[in-house]
Amino acid sequence: MEPAVHLRGAVSLLGRFPALAGVDLDVAPGEVVLLQGPNGAGKTTLLRCCAGLVAVTAGEATVLGHDLTVDRRAVRRRVGMLGHATGLYEDLTVADNVAFWSRAAGARRGDADAAMARLGLDGRLAAVAVHRLSAGQRRRTSLAVMLARRPELWLLDEPHAGLDQSGRDLVDGLVADAAAAGATVLIASHELERARAIAHRSVAVVGGATARTSPAERDHVA
Amino acid sequence: MNDSTASTGTRVLGSITLVGFAALLLFGLVLSPADAAQGELVRMMYVHVPTAFVAFGAFTVTVAASVAYLLRRTEWWDLVAHGSAEIGAVLLAATLVSGMLWGRPTWGVYWTWDARLTTTALLFVLVLGYLAVRRLPLDRDKRAGLAAVVGLLLLPTTIVCHYATTWWRTLHQGPTIARADPQIDGLLLFTLVLGLAVFALLYVWMMVHRFRVLYLEHRVEDLGLDTAIAERRREASGALATPRPATGPVT
Amino acid sequence: MTDGWGYILTCYGLVLAALVVIVARSSQRGRKLARQVPEEQRRWM
Amino acid sequence: MWRDAALVAGKDLRLELRSRVAINQVAPFALLVLVLFAFALDPDRGILARATAGLYWVAVLFSAVLAVQRAFAVEVADGVRDGLRLSGLDPAGIFVGKVAALAAQLLVLEALLGLGVVVFYDADVAGMLLLVPTCLAATLGVAAAGSLYGILSAGLRVKETILPLLLLPVVAPVLVAATQAFEAGLSGPTSDGWRWLGLLIVFAAAYVGLGLTTFDLLLEES
């Protein structure tokens, strides 16, 4: 089967800094892969490359069948990205935000409602403006936006950061469900224990390059 | 061989330009006659009109190169647009200064809010904005894209300038050359054409040099890049005892 | 009408001086950069 | 494209409804400019009456800079730009939506300012037939040029200073044409006024066209 993500010697420049200096990575469809490595190793850039947000300047890069060195836009509507930033309009309510972004992606109204319910955002919170939310609640809203878009490739950058216990469990559940439904998931995380538990395998990223893979721990995934 | 942006071609071109300037000074200040209406002041025209023409030509090149950059995305067009705008800005400044110095003795004021003056000043400000975008500390490609869009926008504004000129009736001289005024003295016309030719040559000469300077700036920027990638790779291999490429999927 | 030679000479002088300064600075910068870039990348020589 | 435009415009108007930045901050600023002109110029009505049209449009343009800054600050804050790029929204649709929302806000502002000049400057709005289409065409032009430069400068560190430098010279023809048309309109419509209106329409068309073709690039690279 064609891999969901295929990178070979991928180089990506942030200005004049080679954030990625030759990444090799193959991820099969439906696989959950943990990217681990120190700060500044290039994990975030790697995820942004896969989302088609950052240009791959050299090497091969194919995501969901789109050759990113030719066109990095077509892949975008098929991926969901949870970054450090929320990607939300501060002055709009939670419901407004989820409705806008999911409608932009062509999702049905029911998807948005279901996503909000899944993340515990229905009821009172739905009508609260985002700038009044706590960091964890914002994260949940971003996750709801992502869930409503039904991406085929999930790119999660530190998904557990800033969440309480139930929020973390929620993230793990979402990842498991996504993988079960056939979506591919890349997680960059420092919470190794938790992330290893949901990932099929992990890949070390150091100095803008991938280094090694560890054996799978797939028993934990339903 | 040599450590400059000059080549045989530019040396020849530069020599011709210098000789041209000497001739322009000779004809403009000595040989050409005083005008019946303007007196000696007509000599200002040999600087004012050619710089204006060549400046507008330079911005036309910038606009065309911006369009070409947006279509082709090659460094060449980016450098052409940039270099041409820089030279155009200098020439347009010369146009404004010579125009003011001409206006003071003829009209009694350095500046009037006449349509053509106003719109030329406006174009100057637009170009300053364009060059400000050019100096932004951004990625080269990003900056080139933004500058190309701003450069492209010089065109609609210049067209509106033109309409404003024809609609606002003012004291500015009409387009003298286009009418091919028969009263204009032969030597006077020759000097004007000489001025045009000399400033056009100057433009081409400076353009070649500016292009090369800007090209070198990019190459100097690139120099660090290979080292940076190598360093980044060393960081990767240093951190791991046994570096080897990632294996394929485990499926 | 005055003959206005003062204006004329100022005009010519200013414009020529500005051009000389700009050409000189540009060529100086060119020299400085050219020394840093390997010869094979300066194809015009 | 039209669906995306409606979605973005609706979102922007809702955002204004919730935050009320335009009505609580930009509109008072515009009135303040009018009052300051009255202070600066001899309170002798003669000068104000003669300069009314010009002062009106200067006030509109200064306020428009603020409105543009606001409209695009929300699009680049906290990862929203990445969201837009991933959203699958048509960039041309986003442009049209932004222009529509901006134009709607500017029109409200112009109505307020119109009331202001009638009250403070004792202007006589006789030539409504010319004034209204002039406002519409000028507003469309300013909104289109503003959106173009708004997205261009929004991601830059120097956005506050570079936006007026780039935008104000570009919309200067609007200032000239709208002022001339207003002067004609304030003293009863003449053929001269219609000609300036024509120029405004050409300007608006040019910038809408440019925006449709280049917004994609600006969203990508600014």
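Letters A, B, C and D mark the chains as written, and numbering starts fresh at 1 in each.
Everything below uses one rule, namely that a contact is a pair of C-beta atoms (placed from the backbone, for glycine too) under 8 Å apart; a residue touches a chain by one contact, two chains touch by 3 or more.
Please read these numbers as outputs of a predicted model, since none were measured by experiment.
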Far-end chain from subunit B, centres as C-alpha averages: A
Chain centre separation in whole Å, for subunit B relative to subunit A (CA means): 47
For subunit B paired with subunit D, centre-to-centre distance based on mean C-alpha positions, whole Å: 31
Separation of mean Cα positions, subunit D and subunit A [Å, integer]: 38
Numbers and ranges of subunit B residues touching at least 2 other chains: 138
Chain pairs in mutual contact under the definition given at the outset: A-B, A-D, B-C, B-D
Partner subunit C, residues of subunit B touching it in the complex: 1-7, 9, 21, 25, 28-29, 34, 39-41, 43-44, 47-48, 51, 90, 93-94, 97-98, 101-102, 104-105, 202, 206, 209-210, 212-213, 216-217, 219-220, 223
Contacting residues of subunit D [partner subunit A, same complex]: 4, 7, 11, 14-15, 18-19, 74, 77-80, 82-83, 85-89
Subunit B residues within the subunit A interface of the complex: 138-139, 221, 224-225, 228-229, 232-240, 242-251
For the subunit A and subunit D complex, residues of the former touching the latter: 51-53, 76-77, 79-81, 83-93, 96, 100-101, 103-106, 129, 145
Subunit B-touching residues of subunit D, taken from the complex the two chains share: 148, 152, 156-158, 162, 165-166, 169-170, 172-173, 176, 195, 199, 202-203, 206-207, 210, 214, 217-218, 220-222
